[in-house]
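Below are two complexes that have chain A in common, paired first with chain B and then with chain C.
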Partner chain A sequence: MSIIKKRLISVINVLEKIAVQSRSFNDYLPIGSSEILVENLSRWGSDEILIQCFDRSKKKLGPNINLLKKITNFKKGTPLIYSGGIRNSFDALEIIKNGADRIMVGYSFFQKLNYDNLTKISNKIGKQSLILSLPIKINKNNFYIYNYVDRNLTDIKKINFDNLDKIVSEILITDMYNEGSYDRFDTRMLKLANIIKIPLIFFGGITSQHKVKKILSHKNVSAVGIGNSLNFKEHAYQSFVLQNRNFFRKTSYAKK
Partner chain B sequence: MNITILNYGSANYISLVNFINNFLKFNVKVSNKTKDIVNCDLLILPGVGTFEGAIEQLKKKKIDKVLKKIILEGKPTIGICLGMQILFEFSEESKKNIKGLSFIKGKTKKLDQTNVGWRKLVIENKSLDIFNNSYFYFNHSYHQICKKKNILAYIKINGLNIPAIIKKKNIIGLQFHPENSQANGILLFSLLIEQLKKNEYN
Partner chain C sequence: MQKNNNSVFNFCKKCLYSCQHPLGIVIDENGICSGCKIHEEKNTINWNSKWQELKKITQNYKLKKQNFYDCIIPVTGANDSFFVVHVVKNLLKMNPLLVCYNKYWNTPLGIKNLSTLRTKFNCDIIFQNVNPIKVKKITKATLYKLGSIYWHSLSGHTVFPVQISISYKIPLIIWGAHQGLEQVGMYSHYDNVEMSRRYRKNHDLMGVEAENLISSSDNLTEGDIFQYLYPDDHELNKVGTRGIYLGNFIRWDVKEQHEKMIKFYNYKTCKSNRTIDCYDYVDSFNYMNLHDRIKLYKHGFSKITDQLCREIRFNRIDRNSALTMVKRYEQRKSLYEKNFCEWLNINQKSLNYLLDTFKNNKFWKQIDVTRWKFKGLSYHNENMILRKNSAKLKYVQNSKIKVDAKYVTFGKGIKDF
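And then the complex of A and B:
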């Protein structure tokens, strides 16, 4: 049987043109060139690479096509997901034409719960190429989408996930409090995997083998996103894969 | 070898161009001009998008008739993902019931759930045996139903055999993305090109 392995998505957060280590998308420390990170992660056999240009919507800029064009030269046969500043289906198509294989949309949906715009994007590039980004905060055991641009919260119960199921292929849930932390991902987030039928990717403070196992053991979770932990030692990606070998496919550089 | 990647509006051309330039070292151009389609040694139909959108673009640019002529005359052709699906007759994805290029009998049907990620191939054809159980990257919401004789490899999803590599004479279809399948993608794509050049299978 052709079992689908779960995916380990390498996440690169980009502020202006520089890859950064972020904490809850508030404090940033520069790491360096996004292109070099993409090249390393690609060489190490990353399942997918996600570029998050998270300042683009806040600055009312569209997608960073120039950065994408540079990065594409370094991705060496690895699937690339682009996120940041995507406003409409025109932006979406430009991103695909310029080297991304999939895109992730966040602010232009959750700002006003704009299903129409998201549907147009999906119709243009295909549902399989579209991921929805939902940054989540938990308050008194209730889940809220955190709009980091306008700094407000929307109760997740207002989202029509049945409708979204026709439009997007996956949803990436970011634990906003714990993004950038060492292994403080809040496992209460996993309750969302019971509520939402669309395959989920979790991101934000996921570091240990124990956390990865707890998250990926859930049937409705298709992948985890890991950011900072992959950037600070050689072959970090392969180490991660080896530690969690039951979930991930063996990469070309992984030792037996 | 001169390769033309057909430009019909929606595809990740840059990925494919970089893949061919960096790893295969062939001459490659992205074009929808008749002379580039006719004169190339290998034609690639890429595809990210929707069946209807792709066929409508081909008709709008009047490329569909050129394709029907030169592919039937024997032009080696590889369709990738959506580029493979448009080689068939029909697709459930098309609400307007638009017909595909119809080079291969069969149709495209919706999957219960989008198939995204790395899957192992089950190889049916001995010449591709080294890739049995190797991982390739898939990203699609629809799959092909066609004659068994056209299927060189498949993947299993929920008990269904989903064609992953199909072939008819000079046409090869790949459901996965070789340009995103790292080392396996490079090796398999190279082998398929060699086999097309030698016209194996006929």
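And then the complex of A and C:
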């Protein structure tokens, strides 16, 4: 029986001017140029690339348009999601104009659970181009959104996901405690896929075939995001695809 | 007194690196750089368990028939070559094929060391001698375009082993340490990072692969650069080529390792004019001279800073003494430039003029046409009391290169050492 193919999203974390490995978004190791990473992932046949410039909101710098302009020359048709520093619909439009295919918003929404701003962005660029990012921490089996700028927690129950369904196309759930770890993604996060009817992308500490299979077997999960470990080996992306060939489309260089 | 320690020159509190490192570096909220943090892993890792991990990986590549090669080791006449061959041949009991890219600026010492490698370890070695006319054309192009004389050497050294892996169908390439991990903590030792085309382009080749050179230089043709082209992804995939780094599995300490190699195999070392380290790059006339001068122009620090950051991390020198040493050595004369000008057929004045155009104005202030003031990392890193050198760092110097020595273009062995 054939199943609908899911996506493997390559995640590039950017701190200031360089791509970095991130561990729980507070410990970073330098990797190099974002442009060359994008070029490499595109050549490998990545389904989609997510650029997360996570210091932009904290430093109130707005989106990194210069980086985006450079990157788009290297993506060669690979769909690109941009995230970081997005404040309003004007920023969102600028990002799309400068080569991103979709945008991901986090802080500007969950800071005040501002649906209006999110609706304006969605109206401007279309629901299909908008993803909501929710960094999650689990405490005593309760789910909290972690605000990485103010470092406080918001109970996820405060979000009306029925309203969001009309505004965003997907939600990226990041396991905050385990982001950047070797396969320590907390599978309790999958409970969210029962609560939220919007397609989910899971990210943070997902490195093994076993974990990928467990996550993607869930009907409401559309993709997984892999970050650090794509930088450790040649053809790392293709290896993930091969290990989980039932879920992903074949890449150009994957073995039969 | 501190001259400038704002975010532009944010220095690590432990070593001498700043956030201006060309490989990229992250300095955390406590003022410690990613390189120093990753170095600390060397003191906590269970290296026995790592060694077992390495044995398990390499076991899969050992051939049952002893008449062929188990792996490839890229070698030069210096650096980690002896130690890597020692580990692979004597400790892992593998049969390696040594491969060496001829950079043409070989010192007699480097040739002697290569000869020792072949004979004392009883290994086969393949040299890649690219047509010197092409090498000179490429060197001219990269010098003008990138301000780099070393692009061809770095490119050749990193691509030749991969090409041999494909053509001989030997999947495993064994390298020494990963430069990005050792210097700036690009990866954890636990990541077991392997060789990749992306890293090579980004960091070894300054973002410019061979094919990019043609588009940026009218003088180069495809025929000039084809020996530097990285094999296609399909070919790599078909053979299963992978390059592992021993530094992920062995507590890597270059100084200690070199001293072992001197003792065991009479590895030849010599003094350099621009550093106290006698072990690194003794195979090349240019690495610790002209190339090092260019590094100072472009990046505001020279190789001695890299070497002493390493020694600070191993607690063999304190930060203040290291900074004093750097200031003493980094602007010393670069030797053997006459040889390079003759080899490339350019005159020294033209070379100097050209190199001045690559002086990074973050680190150099022009006073007049010929005079510049250095404002590199050591200039800004004066936030401590300088004192006379109290360092106890000692290096074994068992040989030397004559001032009038010439490039050894091809050589099987040198008797004079």
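What we mean here is this: the second predicted complex is superposed on the first by the 252 of 256 C-alpha atoms of A that agree within 3 Å, B and C clash if a C-alpha of one lies under 4 Å from a C-alpha of the other, contacts with A are read in each partner's own complex, and residues count from 1 in each chain.
Note that a residue touches a chain if its C-beta (ideal position, glycine included) is under 8 Å from a C-beta of that chain, and two chains touch if they have at least 3 such contacts.
Remember, it's a predicted structure, so these values are computed and weren't measured experimentally.
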Task = Could you look at A:Asn40 and tell me whether it touches chain B, chain C, both or neither (first, second, both, neither)?
result = second
Inquiry  = By the touch definition at the top of the document, which applies to A:Lys69: first (chain B), second (chain C), both, or neither?
reply    = first
Query = Touch check for A:Leu15: first (chain B), second (chain C), both, or neither?
reply = second
Query = After superposition on the shared chain, which partner residues are touched by A:Lys233: those of chain B (first), chain C (second), both, or neither?
reply = second
First, second, both or neither for A:Glu179, with chain B first and chain C second = neither
Request  = Could you look at A:Tyr28 and tell me whether it touches chain B, chain C, both or neither (first, second, both, neither)?
outcome  = second
Which of chain B and chain C A:Leu93 touches, first, second, both or neither = first
Chain B or chain C, by number of chain A residues touched = B
Inquiry  = Give me the intersection of chain A's contacts with chain B and its contacts with chain C, in residue numbers.
reply    = 252
Key: Parts of chain B lying in touch with chain A, wherever the complex brings them together   = 10-15, 18-19, 22-23, 48-50, 53, 82, 113-122, 135, 137, 139-141, 155-157, 177, 179-183, 185-186
Message = For a test of understanding, state which residues of chain A touch chain C in their complex under the given definition.
response = 15, 18, 20-21, 27-33, 36-37, 39-40, 43-44, 182, 228-229, 231-235, 238, 252-255
Key: Residues of chain A touching chain B in the complex   = 1-7, 42, 45, 47, 69, 72-73, 75-80, 93, 96-102, 123-129, 169-170, 199, 222-223, 249, 252
Inquiry  = Give the list of chain C residues in touch with chain A in this complex.
reply    = 23-26, 28, 34, 38, 180, 184-188, 190-199, 201-203, 207, 233-234, 236-237, 241-243
